[in-house]
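Each remark here refers to the structure printed beneath this line.
Note that the chains take the letters A, B, C and D in the order they are written out, and that residue 1 is the start of every chain.
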């Protein structure tokens, strides 16, 4: 991983491609949302489980990066555990992340997903490694 | 979940949007791949962790669905646990899924991801519920 | 699983063998604790990661069982995901479980572990299947 | 964690308390077993889910420790994800661990559990941090 890969223009990333919106990116709390549009669905018309997992990964990574970048550190995903509790067919999926741990080398976030009626639809637990930036 | 949601045209789903290719969908083994293009990357230029999780979910769900649909059953994701082992910057990501369990009500798949050099980059464990199709 | 296995006397189970205490077993909240004694430690003197996982499994299973048994149902563990955040060397480990989901067929609990100073040491996510009791 | 905690006599640890036997502890493969005795069961007579999780944690930690200790490193559990596939009522539980990844800072093992008929009963994925020994 020595040479940094070329950065990707924000509009071209997975985050933009799937219509993910990151709203608040604080060091202990982060929020966001995405529309239950076709591009995040599986063929039967439900929001794809991978959309929840990918959103949680984005939210936790971005919030951790914001918190540690000024110290010359980066956040690298270690694992993502997402449980699917209730199908979402339409409307907006709302995400709220809560940091549960910030150790010297690992951070852990819980991300809850609710639908427009406030019902819990999925929960993710994201573990990130915090490391010196390459070349930093 | 009583009324079935409207199906999504294959070209509009998350699977197509992210360029996922499902190649083999057998009852015990499934394979696929996706290109490490910008649309599956995070801003720093690495393949997004959520792309691995989403691909594994697609592969395991589709293979299980193929295996059980003729019995009037569907597969619904229960959980997805993905670990990220090595960053991928370019080339193709290759996925191989292996069914580890097929009980009356749950199936479990392990999906391994390798890069073009055959190095293990991520591993997913996907648990699916198998249930009667709505209205089936 | 048709014939029921012989029940185990409470004092002989894993729960008693490891000194686990289940205190409150409500349908939405459950608490308990165990002493950081040698019998729950690994050779280097830290509480064994498996002790946290096993305690969470006990707590979530028992609380779910209490909630559903009167309906002729039982709770069967599907998966346990435990993350270890801070080593515990002595004192008491305190557990608090919170039910996050109770569907028709699966329940999900989060269990947090703290030490005597209230510091978060481990977190578990336990998924249980709820099914008719055999022969019930 | 600066001062090392007092080591625990092998016969007093969780491993001995639950009757866990670690047989082979190689750098890429590890095996062991335990008897489905009352001390690893829950009250209904089944092997407790926590016994599988705890055994996997022991096996992966011990094998990793054996592999890295001569380099002044230790292994510390980060997470344990165990899925329960088939209840075990009696006989011996057999465990086989396979190392899936050994990075500079994390190792990952898969541990499969089978009963005396060779049927898969549980699977664990164990992630360990590898770090310099305290005071090392």
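Observations on the model:
Throughout what follows, a contact is a pair of C-beta atoms (placed from the backbone, for glycine too) under 8 Å apart; a residue touches a chain by one contact, two chains touch by 3 or more.
Everything numeric here is computed off the predicted structure, so don't read it as measured data.
In terms of the stated touch criterion, the partners common to subunit B and subunit C are A, D, listed by label.
Two chain pairs, A-D and A-C, are weighed by contacting C-beta pairs, with A-C ahead. Chain centres here are Cα averages; for subunit A and subunit C they lie 28 Å apart. One simple way to say how far apart two chains are is to compare their mean CA positions; for subunit C and subunit D this gives 18 Å.
Separating the centre of subunit A from that of subunit D, both taken as means of CA atoms, is a distance of 31 Å. Within subunit B, residues 78-79, 81, 83, 127 each touch two or more of the remaining chains.
On the side of subunit B, the complex with subunit C involves touching residues 78-79, 81, 105-106, 127, 129. On the subunit A side of its complex with subunit B, the touching residues are 1, 4-10, 12-15, 17-18, 38-46, 48-51, 53-58, 61, 74, 76-84, 87, 89-90. Contact residues on subunit A toward subunit C in their complex (touch as defined above): 81, 83, 85-86, 100-101, 103, 108, 110, 120, 123, 125, 127.
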